[in-house]
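First subunit A sits with subunit B, and in the next complex the same chain sits with subunit C.
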Partner chain A sequence: MEYLKPVSRKELHLLLKKKGKNLRLLAGGTDLLVRIRHGKESPALIVDLKGIRGFDKISSNKKFISIGPCVTLQAIAEHDEIRRNFPALAEASRSVGSWQIRNRAPLAGNICNASPAADTLPVLVLYDARVKLSHSGRRRILSMKRFLTGPGKSALRPDEYLSEIRLPLPGEKRVLFEKFSRRKGLDLSTVSLAAGIFGRRNRVRLAIGACAPIVKRQTEAEDFLNEHGLQDKDLELACSLLQLSPITDLRGKAAFRRHIAARLVVATMKKLREDR
Partner chain B sequence: MKNSVGKRAQRVDGLAKVTGCAKFVADLMPGGALCAKILHSPHPHAEIVSIDTTAAEKLPGVKAVICGRDYPLHTGLYHVDQYMFAMEKVRYVGEPVAAVAALDEKTAAQAIDLIKVRYRKLKPNFDPIHGMKKSAPLIHPNLHKYFHVSAINPVPHTNIANHFKIRKGDPDSAFKKSFCIIENRFHVPQIQHVPMETHGAIALAEQTGRITVWSSCQSPFTVRYLMANCFKREIGDIRVIAPYVGGGFGCKAGINIEPITVALALKCPGRHVKLILTREEEMYTVVVRQACHIRIKSGVDRTGRILAQENEYIWDCGAYAGYGVNIVRAAGYSICGAYNIDNLKGDSIGVYTNRPVGSAFRGFGMSEIHWAIEQQMDILAHELGIDPVEFRHINALKPGSHNATGELVTVNTGNIHKCLDQVAADLGWGKKLPKYRALGIALAQKAPAMPNNATSSAVVKFNENGGVELLFSGMEIGQGVMTAMAQICAETLEIPLEKVTVVGLPDTDYSPYEWQTVASRLTFSCGNAVKKAAEDAICQMKIISAGIFKVRADDVVYKNGVFSHKNKSIELVQICMGYQFTDGHTVGGAIVGRGHFTAEGCINCDPDTGYSPKPVANWTFGAQGVDLSVCPETGRITIHKVSCTYDVGKVINPLTIEGQAYGGIVQGMGAGIMEQLIVDEQTGMVKNPSLVDYKIPTALDMPEEMTASFVETAQLDGPFGARGVGEHTMIPTPAAIANAVYHATGVRIMDLPVTPEKILSGMHGLDFDSKDSNAKPEQPVSRSKKKRGRPPLYAKKWDRVKR
Partner chain C sequence: MNTVSVTFTINGEKETRQVRTDMTLLKFIRETLLLTGTKEGCGEGECGACTVIMNGKAVHSCMVLAAEIDGADIQTVESLAGSGELDKLQLKFMEHGAVQCGFCTPGMLMTAKALLNSNPNPTKAQIKEAIAGNLCRCTGYKQIIAAIQDSSRGGRK
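And then the complex of A and B:
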């Protein structure tokens, strides 16, 4: 196994162009190294992104906040502008793993790993985040919906990398992130949820994690709530419209996950309707 | 200077540990050490047809490959039922089948993959209740041939490794007289110790025949003894050195991986062989806590007195029970907890299954049986409309009552009632709480489960400045034994604590004997040995002073470092290395005090009735209460407060005893609400052999508040009155949580752990196993409306006869 650590975008682009098919990018390594150790992957070449200048920066313009591919989850959890505009993203980032993991792992790694249980995904989906995928000479900007294609699968091509995450401004404060796990610290989600009320028209947005192969918006339930309102009975009815296909694993049985997802929807929407 | 005992002394080992100076086995890097790896059985029950090691042996860098045929040797403490490597058959997934030593880890791992084993699968059994039946496969067909100590009663030609009986009074007629009879079943799953440091050992076999082992162990002398038995060597040929240990909780009691490293080392004389288990190996290939299926039937009168009880514990010992049989015994003589019941039928039965090996775990069976006993007490109290605290006062042991084996309880035994009242007061028992928030309480009792001849010794050797080096072999496994022993030594010698240097890392060549670091016995047993060693040193110096004073030794007074008679006095520092007169001639010499202690008068229990006037050295009692709330939507538990009180006889060090209390509460909470080793009953594999899916509490999961307080009813033969408490603090926690959850929600959970899923299915009648989530609640969760006097709903599920 070979390990390379480019110091410029140019070097990275060159590597991707030449050896894209056989290499694995490494950001924090907190997913990749676990997979390698368990024998699920054995890449011939590992390319570390952490040496590239500017990759660990957060910047903003009038339209969006831009997050570099090496900005750690802890940095996001502590970033003032993000906390002001996208508080639920700070919250979701803070819920990942432990101090050690958050200090090590970038948001980009959580996204690219594309786990159905990745804690930042429901919030990113809700905030309509975009990812920029780059490649020597070319780049494209995708919505989360187009980026996430399956459990552990994304639209990333072998010679591409995620070079930026964009959060459209203005953000929204009325968004809550909830995580149900077996214990309070250092655990993966059994169910996660992001729910919010957006804009002057008070539109409901809802996304649930760890309950389906792909994290996406619960559009049917959203439409129902936007049409009928947030009375207790509406919330219960909306739960029956949730698009969930959970699996049974050691974190929870499928039926249990469905139940918890519904209860979290109701509890979170009740909290939110006070702000509406 | 008598101010060491009772002082909040800082840990003696603290600085070494926080600075990283403390070295653990994995830190030791002897030059040229070989790396060892084990090949584990992939089957829960299978005959070994053949083992082919030729390809592994040919791999460059491999120095030794061994398996059962190379060492057809047995190990085991109380019951010698296990080969070092599986011989005719394997009995659990993870059982060592072969091992290699190679130049590096990678080569060792490759060599393991090259060993070819052919198995013929046998029918496995994972259910101890089925295992007791004639139709069950025999896991140990040679059970009748195994050696076992006299206190153990295996049943030949069955799967029963030990059966302990209590037959006291006349339960049959007492049940007939009962106003109400309630019978319940409970279950406790296997759990893991999860020590921070996994098992590790390094062995060196020299051409002289000498064998040295560095081991992460709780009991270096027992390791040495069992190793000598196993390899048929003189005890003196073997030397065990125990560096710092990163947590044991019972899993490093007895003997574990050491023989494998020695067996490899014998094939590579002169080279160190090092074996450090991975976390995955730690999870199921060494030892775990036994599972238990429990049935309790109680008969009570109208006033709430328990007239008769049947307690049945069917232990899932796993594949081997060399240590586990003694847990079965301990549960036997403690069968009904801290209660006074005149008519008792108790059966504690250890059954072999094809699960991972059950062994010692903090509490040694007590946490498991109290899970059931303390819920049963709450259920009885509820049934009779009596407050749970009051119900316990009515039935708990008090001076004059006789415990399960018939032993008389005296004013010196320990005061459970005081503990109960203290905890109730600390929690504000009876206060009004919001909906879904409630208190729960549970009692605990435990005795050191050790052979009646288990002995401790200590040496106190003086230095030139009137200070001492204190030698003993109780292992510092985090419980604070080094500090406690230093305090006992300083207090007895009446010298400042700083003058005591603890030499607490045993080397069997140089250190005084200690049986084992288990059973919460060190403060009591090793503490007594240390105290006696210090007293012996003083006595020697009194004799020398008497010669100088020209009086009888009895007339010499020792106080605060000075030997005196009337107006004549000599300071300790003048005499501890020999006393020199002004003309130069010298009497006496370097003082070395020695002491030993063995609990007196302990008698084996009668095999037919369990009777013994003194089955154990002493008992420690305590109570613990929990204040928690349950989220009715998600079933999540929030623990607001846990309070505990134990009657420890004497607090040697308030700082470290509080540490033990809080640590025990949290470990008990882990067992109570999240821990469980899940075995796939098709393949016998543990499904959660990693910390990703085997959860223990983190800092964020701590109770919001914890309190610990102590009652001091002096133990007459304890050092300064002390008795043990290291394990006790985790015993009542799970039951106290379950009782609180019941009071908060009306849901009684009899199958550990208390998870949101079980709470929800009890509260809302949901069955998460079926696709249709409106089906019936799953067993054994039952629900009751809280109504006094009227038969509650759960009575349907729980066999209940009213007379």
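And then the complex of A and C:
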């Protein structure tokens, strides 16, 4: 296994162009090193992204906050501007793994692994985050909806890398992230949920994690709530419109996940409706 | 086998070494630098036994490649008594009976050290959050939390 640490984007682009297939990008390594240890992957070349200037920076302009590909989950959880504008993203980032993992693992890795149980995905979907995918001389900006294509699958091509995450401003404070897991620290979600009330028109947004192959907005339930309101009876009816196809695994049976998802929706929307 | 050259600081001493690209920082610390205070528990980022401080932050040394430490500052549990005297944290762990089998202790100490360096006066909740990734199979968490709290600026002594 070869290890290279490019110091410029240009150098990285050349590597991606030349080396192609059996190359793996390394930022935090908290997933990749486990996969290598288990023999699930044996890359010929590891390209460490942490040597490129600016990749560990969070910046902002009038339109969005921009997060570099090496910005760790802990840095996001502690970042003032993110906490002010996107509090639920700070909360979700803080719920991942342990302190040691958050000190290494970047948000970009959580996105690129595209796990249906990735804790930051429901929140990113809710905030309408965009990802910039770069390639030598080209780049494209995708919505989360277009980026996430299946469990563990994304639109990222082998010669591309995620170069930036954009969070559109103004953010929204009235968003809650909830995670249901077997133990509080260091566990994957059995069910996760992001729910919020957005903008002057108080529109409901809702996304549920770990209950379907792809994390996406629950548009039918959202439309129903936006039309009918947030009374107890509306919340119960909205739960019957959730688009869920959970699996049964060691974290919970499918029916249990459906039940928990519905209870989380009701409990979280009740907390939110005070602000509507 | 591929190797790369890394220059780093380990417990205050600057060193340059040639390391295998497939070697973890944990293995490098234990088998090349022969600093065996750092323990391997799970080897995959679940238990926290291998925690060291890298550039001021608590990290799992089993989840870092030795190749990644070029330019880094690494502190292992051996750094705590580097002056020849035990660190306050170590004394408090002894005083509170926070060590049973002792296997989680080096990792616990280094996570606690990183916490107190960045937050000299943590609340009990902040201590719990910081050590959530350090498993103690003897389940002596109560004593460990008390020892860390007692070592903080607001502690008894």
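Please note the rule applied: the second predicted complex is superposed on the first by the 276 of 276 C-alpha atoms of A that agree within 3 Å, B and C clash if a C-alpha of one lies under 4 Å from a C-alpha of the other, contacts with A are read in each partner's own complex, and residues count from 1 in each chain.
Just so we're on the same page, a contact is a pair of C-beta atoms (placed from the backbone, for glycine too) under 8 Å apart; a residue touches a chain by one contact, two chains touch by 3 or more.
The structure displayed is predicted, hence computed values, not measured ones.
J.: Examine A:Gly209 and indicate which partner it touches, taking first as subunit B and second as subunit C; both and neither are also allowed.
T.: neither
J.: May I ask you to decide whether A:Gly185 touches subunit B, subunit C, both, or neither, giving the answer as first, second, both or neither?
T.: both
J.: In the overlay, answer first, second, both or neither for which of subunit B and subunit C A:His259 touches.
T.: first
J.: Please work out whether A:Gly171 is in contact with subunit B alone, subunit C alone, both, or neither, and reply first, second, both or neither.
T.: In the superposition, A:Gly171 contacts neither subunit B nor subunit C.
J.: Which partner does A:Gly29 contact after superposing on A: first (subunit B), second (subunit C), both, neither?
T.: second
J.: Would you check which partner chain A:Ala267 touches, where first means subunit B only, second means subunit C only, and both and neither mean what they say?
T.: First partner only, subunit B.
J.: After superposition on the shared chain, which partner residues are touched by A:Leu250: those of subunit B (first), subunit C (second), both, or neither?
T.: After superposition on chain A, A:Leu250 lies in contact with subunit B alone.
J.: If you stack the two complexes on chain A, which partner ends up touching A:Pro87: first (subunit B), second (subunit C), both, or neither?
T.: Neither: A:Pro87 stays clear of subunit B and subunit C.
J.: Which residues form the common part of the subunit A surface touched by subunit B and by subunit C?
T.: In subunit A, positions 98, 184-186 sit in both the subunit B and subunit C interfaces.
J.: Could you list, by residue number, the parts of subunit A that touch subunit B in their complex?
T.: Residue list for subunit A touching subunit B: 98, 180, 182-188, 250-253, 255-256, 258-260, 263-264, 266-267.
J.: Taking the complex as given, what residues does subunit C use to touch subunit A?
T.: Listed in rising order, the residues of subunit C that touch subunit A are 2, 4, 21-22, 24, 43-46, 48, 51, 57-60, 62-65, 67-68, 70, 111, 129-134.
J.: Over in the complex, which subunit B residues touch subunit A? Could you list them?
T.: 633-634, 636, 674, 678, 687-688, 692-693, 695, 697-701, 756-757, 760, 766-771, 773
J.: For subunit A, which residues are in contact with subunit C within the complex?
T.: By the definition above, subunit A touches subunit C via 1-3, 5, 26, 28-30, 33-34, 36-38, 46, 48, 50, 74, 97-101, 103-104, 184-186.
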